[in-house]
Every structure is written in C-alpha cells, then in structure tokens.
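A short write-up of the structure that comes next.
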Amino acid sequence: MTTHYLILSALLFAIGGIGVLIRRNAIVVFMCVELMLNACNLAFVTFARQHGNIEGQVIAFFVMIVAAAEVVVGLAIIVTIFRTRRSASVDDASLLKY
Amino acid sequence: MGETVTFWVLAVASVAAALGLVFSRKAVYSALMLGVVMLSLAVLYAVQDAPFLAAVQIIVYTGAVMMLFLFVLMLVGVDSSDSLVETLRGQRFWAFLAGLGFAVLLALGFGNVVFAAPTGLAAVNQAGNVPSLAEAIFTRYVFAFEVTSALLITAALGAMVLAHRERAEAKATQKDLSRARFVAFGETGANPASLPGPGTYARHNAIDMPALLPDGSISQLSVNRHLARHTEELLEERSGELDASETPVAEITEGENSK
Amino acid sequence: MPWLSILMGVSVLGALGVAFVKNDKLAKQATLAVSLVVMVLTIVMTVQFSPNGDRFQFAETYDWIPAFGVHYAVAVDGVALVLILLSAILVPIVVLASWHDAEAGKRSVRTYFALLLVLEAMMIGVFAATDVFLFYVFFEAMLIPMYFMIGSYGGAQRSYAAVKFLLYSLFGGLLMLVAVIALYVVADKGTFLFPQLIGAITDPTTQKWLFLGFFIAFAIKAPLWPFHTWLPDAAAQAPAGAAVLLVGVLDKVGTYGMLRFCLELFPEASAWATPVVMTLAVIGIVYGAVVAIGQTDIKRLIAYTSISHFGFIAMGVFAMTQNSMTGSALYMVNHGFSTGALFLIAGFLIYRRGSHFIADYGGVQKVAPILAGTFLVAGLSGLSLPGLSPFVSEFLVLVGTFEKHAVFAVIAATGVVLAAIYILWMYQRTMNGPTAESVQTMPDLNSRERWVVGPLVALIIVLGFFPKPLLDVINPSVKETVTNVSVTTPAAVAKEGQ
Amino acid sequence: MEPAEILSNPGGAIGVGWLMIVLPLLGAAVLLLGGRRTDKWGHYFGVLMALASFVVAALVFFQLLGFAPGERRRGVSLYEFIPGVADMGLLIDPLSVSFALLITGVGSLIHIYSIGYMSHDHDRRRFFAYLNLFVAAMLLLVLADNYVALFVGWEGVGLASYLLIGFWQFKPTAATAAKKAFVVNRVGDFGLLVAIFIMFTSFGSVAFGEVFAKAGAESQGTITAIGLLLLLGACGKSAQLPLQSWLLDAMEGPTPVSALIHAATMVTAGVYLVVRSGAAFFPGEGTASLVVTIVGVATLLAGAIIGTAKDDIKKALAGSTMSQIGYMMLAAGLGPVGYAFAIAHLISHGFFKANLFLGAGSVMHAMNDQVDMRKYGGLRKYLPITFITFFIGYLAIIGFPLLSGYFTKDGIIETTMEHNAILGWLAVVGAGITGFYMSRLVFMTFFGKARWDEGVKPHESPAVMTWPLILLAIGSVVLGAFLIVGNRLMIFLGPAVGRPEELPEFHAVSPVGLATLALVALGAAYAWLKYGRQEVPAVAPRGSVLTTFARRDLYGDALNEALFMRPGQWLTRLAVWFDNRGIDGLVNGLAAGIGGTSGRLRRIQTGYVRSYALSIFVGAAILAGAWFVVGTL
C-alpha cells in the first residue's frame, strides 16, 4: 500500500505544481501550493507508518503550522496588492525584471 | 481490505478534486475542490495511524485555512472568473511537460521500490497517538516548536501590518456622506436614498432576489450585482404572472452609494 | 633595525596624518616631508646593505595567518633594494611635481597626497615581500590607490582608463592568486615563504601551469605585448605624477616578478617558455616603437616607448644570462628615472598649454629653453644615448641576450634606430620649428619644476657614466638567481656546457 | 710589421690625458648650466677650453715621441665603467694622438673663427657649449681603449652633430636635417653595436688589446661579420654609400659646424674605426676589406658627381667631403699599406677642407648668408685673404703638385693601383672630376662678373676669422709633404696599426701620377670653359638627365623615401590602426561582447513569477530524473 500512497502523493504534488504554473489568480495559485504541501504531508505520514517512526508525523505537523502562517501572510499580501492594483493576477506584478 | 477500498475511493476523489481545483475557472469552485482534497487526505491520515494529524488537518486546514481563502475570495471578488488563455509563450506546454515528467518519474521511482510491509505505528502509539506525538514535539523538537510559535506570532503581526490601511484623510462622517449623496443627486441624479429592501410584495427573502417596487416592477438596485443574474430567472418566472410590458425594470442610475 | 617596516610605517602614518590635515597647503608640505624622510631612510638603509653578504638582508618574519603558513616576511636583495630606492627617490619628486595637479578638479587635494603615500608604502612592500602570499596582497592592494588617482584626478577619459587599468590588473592578479594557492598546495611545505619554496615544485607539468599563472599576471603588469593596451590609456589619463609612478614603479613589479618569482620558482617552465616570451618581448620592442612613432598624443607616445622598453627588460630577464639579467634589473631603475623625467616634463608642458596633442606645439625651445633642454635630455635617455643611464642597461641586456639568443638581440637592436625616430620626431614637432602662436607666452620652468627635473637629469647623467654602485649591488643577487635557475635545471646546465 | 704591445700608463702628460676630454666637457657643462649669466664671456671660455685641450694633446704627443717606437702604445685605465664588460680607459698611441691633435688643433681654430662668425647670434654661448661638447665626445671616440667607450664617444659626436645641425632649430629644414642625420647615423650605430655584441660574445672583452689579440684565433666568418658590421657603422658616421644622404642636409648647420664636424673630424670617425680595427678585421684581404674599398670608390665617385651639380657652395663642398672620405675609405680597405695614406689624407683633408669651409663661411658672411654660387662672382677683389686661402685649399684638394692633396691622394691612388687596377683607375677618374667641380666652385665664386643680389656689399671678414684661415692654409700647403715624404706618418703610425715591412717609395713623377694630373687639368680646363670664360646664368639651367641625377643627390633621398620612409609611414599607420582596432579592439570587443550577452541574457528575467516557478519546477523535474538515473545505475 505504501507505494500507492506515495504515487498518490506524487500525483497530487504534480497537479498542484501544474496549477501553480498555469493559473494566474494569486489565490488559486496559493491553493495549489497548499495542495502541494498536503501531498508532501501525505508522503510524510506514509513513511512514518512504513518505518514505524513518529517523526514523520511530527514534521507533517510542523508543515501544517508553517503552511498556516504562510497562508496568513500570503493572503494579506494579496489583499494589499489587490487594494492598490485592483487585480489578483500574478502576471500583473512583473515590475521586478531585467 | 477496508483500507484498500478507502484508499481507492479517496484517491480517485482527491485526484479528481485536485484536477478540478486546477482547471475550474471560478476561484470559489477551486476552493471547494481544495476542501474535498483536504478532507480526503484527513481520512487517509486517520487510516495511516495518524489520528491527531487527521484532526488537525480538518480543524486547521479545512476549518481555518479554507475559511481564510474564502474570506479573501469574497474580498477580492467572487465573480472574477479567470480567463484560461495563456499569455506566456510556451508556459502551459512546459508546465504540463514538467508536471507530467515529474509525476511519472516519481511514480516510476516509487514503483520500482519494493516496500516491506509497513512497520506500523502500533508500537509507538501504545500510549496513544497524541501523547507520543506530544512527547516528540515537546522534547526533541521543542526548540523547533518554540520557533514555530514565534513564526506564527510574526505571521499574525505581519498579516495585520500588511492588511492595515493608514487613513490618509479624516474619516467621513455621516453628515459628509449624506452631503455627498445629495451633491451626487444634484449633479447626476443618482439615487440619494438607501437601497430598496426586498419590498413589501416580496415572495422571496433570498439575497439574490430583487425587490419589487410598489408598482410590482423589479428593482435591480436591490440585488448585489454579483448575484444579479438571478434577476433574469426571476423575470422569466414572473413572466407568466405579469405582463412583460407592465414590469419595466427601474432604470435608476446606479449611484456611488449603491454598493 | 626593522628598516623595511619602518619605511612602510612612516609612509602609512604619514598618509593617515595627511588625510586628516585640514589645510591643503600644509598637507602638501607634510607629504613632501614624509616622502623625504622615507627617501633619506632608504638611502641610509642602502648604505648599510652589504652587497656580498647574505642574499636577503634586513629580514623580518612574523606569523600572519599561522594556519596557512602565511607570514609578514620582508627582506631585500640587491634587485629589490635598488627598486625600493627608485620608489623612494621618485615619490618626493612626484610630490613636488604634482603640487598643483590635484587642484584642477573638485576632488580633495589632501586625499591625493595621502594616496601617494599609501602607494609608496605598498610599492616598498611589494618589492620587499619575501612571502609569496604577502607579495600577492601588496600586488593587488597597489591597484587601489592607483585606481583612485587615475579615476578621480585624471584627464577627460579617466574613468574609462581607470576601469580598464583595474580590470586588466585584476584579471592577471586573480590568475596569480590561483597559482599562489596552487603553489602552496602542491609544494606542500606548509608555508608561503619564498626562500623555502625555491625548488619545491619539481613536476614539469605543474611548473608550467603555475608559471603561466604567475607569468600572465606579470606580463599584464609589465606590460608585455599583447597585454599592453591598458597602459597608454592609463598613462595618458593619469595625472603626470601618477603616470610616473605607474610606469616608473608599478609596472616594474611585473618584470621584477618575472625575475624573482617566475624564474626561481619555476626554472624548468621558464626555460620552456623562453622562446615564446622572448618573441613577445622582441615584438613588443619593435611594435611599441613603431606605434609610438605614429602617436599624436605626447603622453600616449611616451607610454608606447615604455612598452618598447619593457620588451627589453623582459627579454633580458628571460635570456637568463648574468649580463642580461643584471641589465634588466638596472634597466628597471634607469627606466624609472628616464621615463619619469619624460612624463613629468611632458606634464609641465601640457599643464602650460592645456593640450596633450603634439600638433598643438611647436618651437617651444625658443620660449622655454630649459624646459626644452631637459626634455631633450630625458628624450635622449629614452633612446638610450650612451652617456645617459639607460644606455648601460640596454647595452647589458642586448649583450647578455646576444650570448644566448643572437637573433633576438639583433632584432631588438633595431629598436635603437626606431627609438631615435620616435623621440627626435616628437622633439622636433614640439620644440623645434617656428614658435606656434599658442605657445608664444609659455613660461619656462619655475624653480619648483627645476627642483623636480634637476635631480632626475643629474641621476640620469651620473648613472650613465658611473653605473658601478648600482651594478655592484645588483650583480650578486642576480648571480644568486642565475645559480638557482641553472642548478635546478640540469638541461640548461648541459646546454651551457656545450 | 704587427702593431706593438699596449704598455702601462707612464704617468706625466699621458697620465692626465683624460684632461683632454674633461676640459672641453667642463666647458660645455659650465656654458649650458650657467645659462645667460655666461653670455658675456662664454665664447672665450669655450675657446680657452679647446685650446687647453690642444695643449694637453701636444704635451701627450711630445711625451709619446720620447718613447722608443715600440713603446708608444700606452693604456691609461680610468675607472670601471660597466663591471665585467667594459672599463673606461684611454689608449694613447700614435693613431689616437694624431687624431687628438687634429681635433683639438683644427677644433681650436674653428672655435676662434666662430667667435667672429657667430658674433651676431643671440645664442652664441650655446653654440660654444655644443662645440665643446663635440670636441670632448670626439676625443673620447678616438682616445678610448675599448669599443664600448668608443661607442659612447661615437654617439656623443652624433648628439653634438644633431644639436649643431639643428642649432637654428626654428628653421624646419634645420630641425629635419638634424633629425635625419641622427637617425641615419643610428642605422650605422646599429651595425657597430651588433659588432660589439659579437666581439664580446666571441672574445669575452671589448678592449682593443684583447680583441685584437684573440681575433686571430677566431673563424673567418666571424671576423668578416664583425668587419662588415663595423663598416656599416663607419658608413653611417662617414656618410659613405649607402648611408650618405644625411651629410648634404647637414649643411643646414652653421658653417663652422660644417667645417669642424662635417668635414674635418666627425665624418672621418668611420675611417678611424676602420683603421683602428684594421689589424684584426680589415687586413687588406678578404671580403670585409674588399667591401670597404668598393664602398670607398663608389662613394668617392658619387660624392664627386654630386659636387659637380650643386649650386649651393656648402653642398658642393659636402659632396666633395663625401668623395674625399671615399678616398680614405678606399685606402683604409687596402690594409696596412693603405692605413698611413688614409690617415695622411684624413689629416691634410682636415686642414684644407676646414679651410675651404671656413672660406665659404667667410664668403657667406660677406654675402649676407647667401649660399647660392650663382649669386656670387668676382669676389676675389673684395675678399683678398679669403680668396688666397681658399685658392690654396682648392689647389690642395685637386692635388696640385707639391701641395698636401698631391701627396696624399696620389699615394692612395698609386697604392690602390698596385692592389686592384680597376679601383685604381676609378679613383683616378674621381680625381679628374674633383678637378672639375672644385674649379667650377672657385670660378663661380671668385671669378667672372658679380651676380650679387641687390644691397649686398661684400667685405673682408674680421681678423678673428681670417687668422684661422691663414693657419689652415699653411697646413694645407705643407702637411702632405711633411707626412708622406720619407713615409714619416707610416713609420709613426706603425706601432699603432702596423705597416708593411717594406716601406713604399715615393715617386715624384710616376705614370699614374701624371695621368691623374692630366685628368685633373682636363677637368679644371673644362670648368674654365663652362664657368670661367662663359657667363654663369643666375638661374640654374635645366641641364641634362645626368645633371638632374647629380642635383638630386643621385636619387639617394628618393630611394630612401621609396624604400624606407613611405613603407615605414605606412607600417606605422598600420600598426597604430592595429593597436587601436586590433588588440584594443579585441579587448574592448570582448568587454562589449560580455556586456551584450548579459544584456540579452537578462531578458530571461521577465518578471513573471510563473516563469521563474516554471524554471524551478523544470529544474526539480530534471533533478528528479537525474536522481532516478543515478539511482538505477
């Protein structure tokens, strides 16, 4: 079963990655990132069980906390940007170039 | 056996939901799809000897994080359905190629490994999953934990600072607003009054149903424009009851205060 | 007595003092005083040097970075000594010559003079360093004051010239850094001390690579053809005083490095590279002279003559005979004085007229005979007229080279004809003929300028007839080098014997 | 007879022989450093120094005469010049003393003459400083006991010559001529320098004694190479073909300079070099000597031909100088037989040519610095002393019986005839041409009608100028007979340069001598027909191809221009272009290339976060692939 879990995790991670790359709405991009993080967590939990080691769960726990913090700050940034630019498209914020 | 069934059901559900998350044009749908994935994963955690994580997944993710997403979506505007036309040359092609390649490579890699039967966490979880996790977190990883707490506080502070808007001018008083409304009325004829409520003759009290004016006509102003499409349905519904010609849509110009 | 540290210390402390003096005039006087003190100390030190004593004298060795065997180790042999003497004599002259140079722009005058003193300390350090790493540090650090002197106080295109100078030098310096580190690692002696590294590298292939690392840095510094194009720009844009130190002393580090480090550390690789280096040097001699003939800018012309002269020096070093190497070492000193005089007098000329184009002059001799006369003497020393000091060194280089590489020496000797053309043609165009309208009122050298030029001209003439004191100091050190080079190369010894 | 051993310093006048060099050097230093303060007495000081030097030379000469002939070579070492290579030392022997006397003697006379000639010049002090410098350098050249010290003097006289030709530097022609003289000389110096290298490498020394001692054991090839290179040096200094072109231009200098440097002394340094090195490198047979004789003959004819066509009195005399030095070279190439004749001709030539030049100077002085002979005519009545002394010089140079040239030139021709008949007859022809051009010069200047410019009032020069003329004229009359008859000079020089065991007999009347005289008379007569009897046109007629050929200096300058100057200029321009565009272009191009590439590469930074994310993701995928590949290996 471990293999199945891991492949599921890989699939979800890849789908999340594709989403990050093709979606322009910053909020959706964020959701895709969350999806990738969750996929990772699944792998951690799976390995924890595989090896009988609780530390996989510990790190999944930390990932969740950090993800929560990240979402808070990220969304705040999106809101701030939206407030001034009236847009949530990541392509609009492209001044930092060349 | 039970685990296998659970897995396959949830695996299919979560992959489908994930695809839906990526490809739905509306951000709200994406958010809901993400919720589906998270719940599925929570169950899978529970199946894999991680009940505490499953609970946290539901509480933190599906509960808090998802709500936050939806809040922001509301702020930003739920109606903004994205255009799926790609503007960066080659972006989509390469994204799919890389994603597929990545997935295939990982899958191949995992597929090639022959795992022994999982050790299981039964031994570790003897005292219960939560105490054993707690022991790890508060002994060996206590420093990381404390740092995480600092991170959370910083994030909370950061979010407040970011979202806070410094007021550039004095806050408009009720008097100012009222004056502005009438100035606008004088100049453009905008409706100075408050928006109409559902109205005396309302047959629905749903927020997406427009109010009926005393003459029975529909006031579009009473509906949030994001929900305005329901007005069309209402008109169709009522076409039988009222003569179309007798129910002119009130054409009062939308004023600044209509929002 | 720790002579060398005292010399550097006095310069650095002087620089600090000058940098914080509020009054520009006082700063200048202080700089002059400090540089004169250094000069006197250097002369005292030179007198105490015993030519036939130990090879390295006045040695000081302190640990600097013990973990890597890096030392603050300074000492001088004859060659280094005369080069330090050259620096110490040139600096006060340059200070006096640059009296008003820094005032043209809006930059700080006292910074300029402080930089001069810092540069002096570094020039002394680079010649005195007997720790390869310390040498590298001074080698690179020297660039900094010079960069600011060119970039902040130079002519119209100063920033282009300064950046070009810096990039060229850094490029070479980094190659050298790689070689220095590799030398430490490969030699595996746990030290950067030069005397202990002699003969440490025996593998021929390693020698060649390390040799290249050092040599390219020195060839850029010297500058050897075809790495020379930074020099005309830098020398032409630098203020006259800085140009003197640049061409007169800084560039000598290149040829000094070849003589000291390339040859002694990598004797076999040096023998292997000799044909190529000699070819480059001879090309440089003829090419520099031909290009100099075609210049329209006085300072660029002098810079190209220097490229020709550096060809002679490099040729002498790599001919690896006693006479040629002695000649090269002496050439470094003589060239410092003669080109120094040329640059300074050209600087006075340009300061008066405000143009560095030859075509803007003519008939200056009529209105400023002393200026013209000293310019002629300096120019004649540039074409190695017998009786003036560069002749002795050029003759030694050629005669020494001829012993081993007759063809190169003969081709190089055509340089004497070309030298006559470029110097005299420039002299004719600037000083002879009808007096140009624009120079009618040109004043002759004032007393400050005479004090600048006088000592140089006197040195050129005296050393032209009595080079013995310098040669007596140089000869034993060069003999040491020749021994080190040939002992470790049995092939060369066998060739000598044939 | 081989040259004698070099013995040690006997002290006395010889011991302080260096004063000969130092005194005029002191004069130059005082006058140059003293500046305008010495204007008033500077010229007297200069003359004093030259005369003092002459006195020392005379004392040395008499001390030398006191020794037995075999002991007349004395080395005086002064100090270590370049340790291990060359010492500064003097070689006092009959040859060097002869030169020293000539240089200081004629030099002093010319110094005195210059007081008058340059009296109106603002910069007379500087002129005397340069003259003193020249005397010092020339003495170093002839007195040095090794080739390096000789080279120092050699270049020193070159410098003095440069300074004096360009003395009136405000004239562009003078400045150019000075530069040309120096550069052409440097070509010769290149030869001398390389010769010194070979000597040092082969013999381990550059001292005359050691070099000559070891030369015998050296291979013929090396000896010939050294000989030819020395000859190149000699050609440069002595204006022999192919390096002759500078001498005619050098006449831009003040006339005393032309007399001293470009007639009497410096230009004969080449002959000195050949004779000095003769024992080892020009033994009279072999390639080097043969080339020397050929160069000599070619130059004596070329110089004579040039002399026939020049209207500028100084240039005509310069052509004559070339020609006469050709004779000396010819003699020097004949080996020990010829050395004495070469030196004898050199000394007597020093007197009569200095006499002629100073006479020309006197004429110019009278004619407001006019040099064109077509603007002269009939001057003998106005300048009696000048005319008489000039005429004596004229008779001496064409070889009028019993005057100097008669003995010395005839000696050269007869010796050559024995050696090589073709060269001998060519030398005779040269003598005939000499008769023509010198007669032409005299007729155009002193005879015929006056063709002066308006306002010219010829007047005899002051005594300070005429006395040197008279003394030189006396020398021109008696020196030849004194030196040649009884082989006096040959015997005197024998210890220094060697001489044949059998002394040649002097025939007062010989077939060759008669033929020479006949040709000279023919030349003179033709000159009388063309320039004495006929009216001389004030403007030069177009003349035949041959005349043009001669007027253009046998196209020497044109040849130099076509062969060296134009390609040189072209090469210079090419090199400058190559340096700016090629090497520097490469470097700057590299910099621009890096800049351009960066400019293009930075376009990758689109600013779109998704692009960056894509590259991260692709990189991650590639890493995963790599991990997978490596993992399966």
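All chains are identified by letter, namely A, B, C and D, in their written order; residue positions are counted from 1 within each chain.
FYI, a contact is a pair of C-beta atoms (placed from the backbone, for glycine too) under 8 Å apart; a residue touches a chain by one contact, two chains touch by 3 or more.
Everything numeric in this text was worked out from a predicted model, so none of it was measured.
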item	value
Most central chain, Cα average position	C
Most extensive contact between chains (C-beta pair count)	A-B
For chain A paired with chain B, centre-to-centre distance based on mean C-alpha positions, whole Å	15
Mean-CA-position distance for chain C and chain A (Å)	64
Whole-Å gap separating chain B and chain C, where each centre is the average of the chain's CA atoms	75
Mean-CA-position distance for chain D and chain A (Å)	95
Residues of chain A touching at least two other chains	17, 21-22, 24, 91
Residues of chain D whose C-beta touches two or more other chains	606, 608, 610, 614, 617
Touching two or more other chains - residue numbers and ranges from chain B	88, 91, 94-95, 98-99, 102, 106
All pairs of touching chains, each written as two labels joined by a dash	A-B, A-D, B-D, C-D
For the chain D and chain A complex, residues of the former touching the latter	602-603, 605-610, 613-614, 617
Of chain A, residues touching chain D in the complex	17, 20-22, 24, 90-91, 93-98
Residue ranges of chain B touching chain A (in the complex, touch as defined)	3-4, 7, 11, 14-15, 18-19, 21-22, 27, 30-31, 34, 37-38, 41, 44-45, 48-50, 52-53, 56-57, 60-61, 64-65, 68-69, 72-73, 75-76, 80, 82-83, 86-88, 91-92, 94-96, 98-100, 102-103, 106-107, 110-111, 113, 115, 118-121, 123-125, 129, 132-133, 136-137, 141, 144-145, 148, 151-152, 154-156, 158-160, 162-163, 165
Chain B-touching residues of chain A, taken from the complex the two chains share	1-8, 10-19, 21-25, 27-28, 30-32, 34-35, 38, 41-42, 45-46, 48-55, 57-58, 60-62, 64-73, 75-80, 82-83, 88, 91
List of chain B residues in touch with chain D within their complex	88, 91, 94-95, 98-99, 101-102, 105-106, 108-109, 112
